Amino acid sequence: MRQALHRLTIETNGQGLTDITRHIRAWLAKEAAGTGLLTLWCRHTSASLIVQENADPDVCRDLEAFFRRLAPEAAPYRHRDEGPDDMPAHIKAALTQTQLSIPVEAGSLVLGTWQGIYLFEHRSAPHRREIVLHWLGE
Amino acid sequence: MRQALHRLTIETNGQGLTDITRHIRAWLAKEAAGTGLLTLWCRHTSASLIVQENADPDVCRDLEAFFRRLAPEAAPYRHRDEGPDDMPAHIKAALTQTQLSIPVEAGSLVLGTWQGIYLFEHRSAPHRREIVLHWLGE
Amino acid sequence: MRQALHRLTIETNGQGLTDITRHIRAWLAKEAAGTGLLTLWCRHTSASLIVQENADPDVCRDLEAFFRRLAPEAAPYRHRDEGPDDMPAHIKAALTQTQLSIPVEAGSLVLGTWQGIYLFEHRSAPHRREIVLHWLGE
């Protein structure tokens, strides 16, 4: 049983979903991972992780729109110092995932056919985001 | 330290919660699991995992109703090709869990007295769903 | 590779967020944890875990207010026997986390600078809550 850690840096273009599945697969291949558990940790409270359909790009657009309606910038928040998009960002992060642990079988993530792993940027401006990858396996 | 993988297949009856705790316990017993970590991964983006009260069935009905109000079929989604229930299904999956990792102590899940593990089907029609179980422990 | 289990008990003061990060760090230090994976499991369905900003206390207040608006006590729930705050509590638990797995590098949680781990109490009355900590690492 072996462990490995990596910090994946993703540059975002403001609010929206970025598919990071290929970066994860590339690191597993570089580490010659066999069977084990891969944990992703997003080191932010205004960006998060989400598993979604990777087939129709409209699914991502609809998800972004849903979360904008659910946590609108115009709501009466106390926390306003970091801009009107910051508190909605914290809410959206709370409603999605900061962490995902994905079983890996003989080097392959056990994702379903239509599953992709996405970084969900909640701030309006582009940001540099860091995700820790932790491998534990054979 | 030992690993094991299994694919659990669940037949759903359309929208709603199915308690899968006994299937998980049965597999742990079959594997003679001791102390370790059990990870569940739902291989779908229109069904998900949820931990809920297993005492009053009305809790499950109220949860289903809450999510139907939160992500109604009648909202103006772009993604419509797979039916009016598909985009709400993706939203509900995003708001709940695709993955759960449960500590196991001497063969027993460390669930609270009233906790059950449920598969949450979000599509209207019955579906065959697959959950990967990954065991890592002694 | 080594495992350890612990039950952390937290006394809450009714609805709201309690920062439990220092309790987690204290246990890791006591266990002389090196590099590995720490899993937290909340043994309740009316309290949950959440990762949030630990800088401005207004973020916690805004989060609490958001979830109260999203799952109000006044909604037409069937499940009423345990009080008007119980069904909203189950909904809020479903929308946040029952479990978190955090990579640990050389004894330190890989949290971002502003990330704190919170127990989110959803019931109105103070409660005694139990969180299982599971360590797997070197």
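Chains here go by letter, A, B and C, matching the order in which they are written, and residues are numbered from 1 within each.
As a working rule, a contact is a pair of C-beta atoms (placed from the backbone, for glycine too) under 8 Å apart; a residue touches a chain by one contact, two chains touch by 3 or more.
Because the structure is a prediction, the values reported are computed rather than measured.
If you sketch which chains touch which, every chain touches every other chain without exception.
Chain copies chain A and chain B are related through a rotation whose angle, from the C-alpha fit, is 120° to the nearest 5.
Residues touching across the chain A-chain C interface largely differ between the two copies, under half of the numbers being common to both. Chain A and chain C, compared by their mean Cα positions, are separated by 20 Å. For chain B, residues touching at least two other chains, in rising order: 1, 37, 70, 95, 97, 101, 136. By the touch criterion given at the top, residues 1, 3, 5, 37, 39, 41, 43-45, 70-71, 75, 77-79, 81, 87, 90-91, 93-95, 98-99, 101, 130, 132, 134, 136 of chain C touch chain B in their complex. Touching chain A in their complex are the following residues of chain C: 1, 35-37, 50-53, 56, 58-59, 61-63, 66, 70, 95-97, 100-103, 105, 110-112, 114-115, 136-138.
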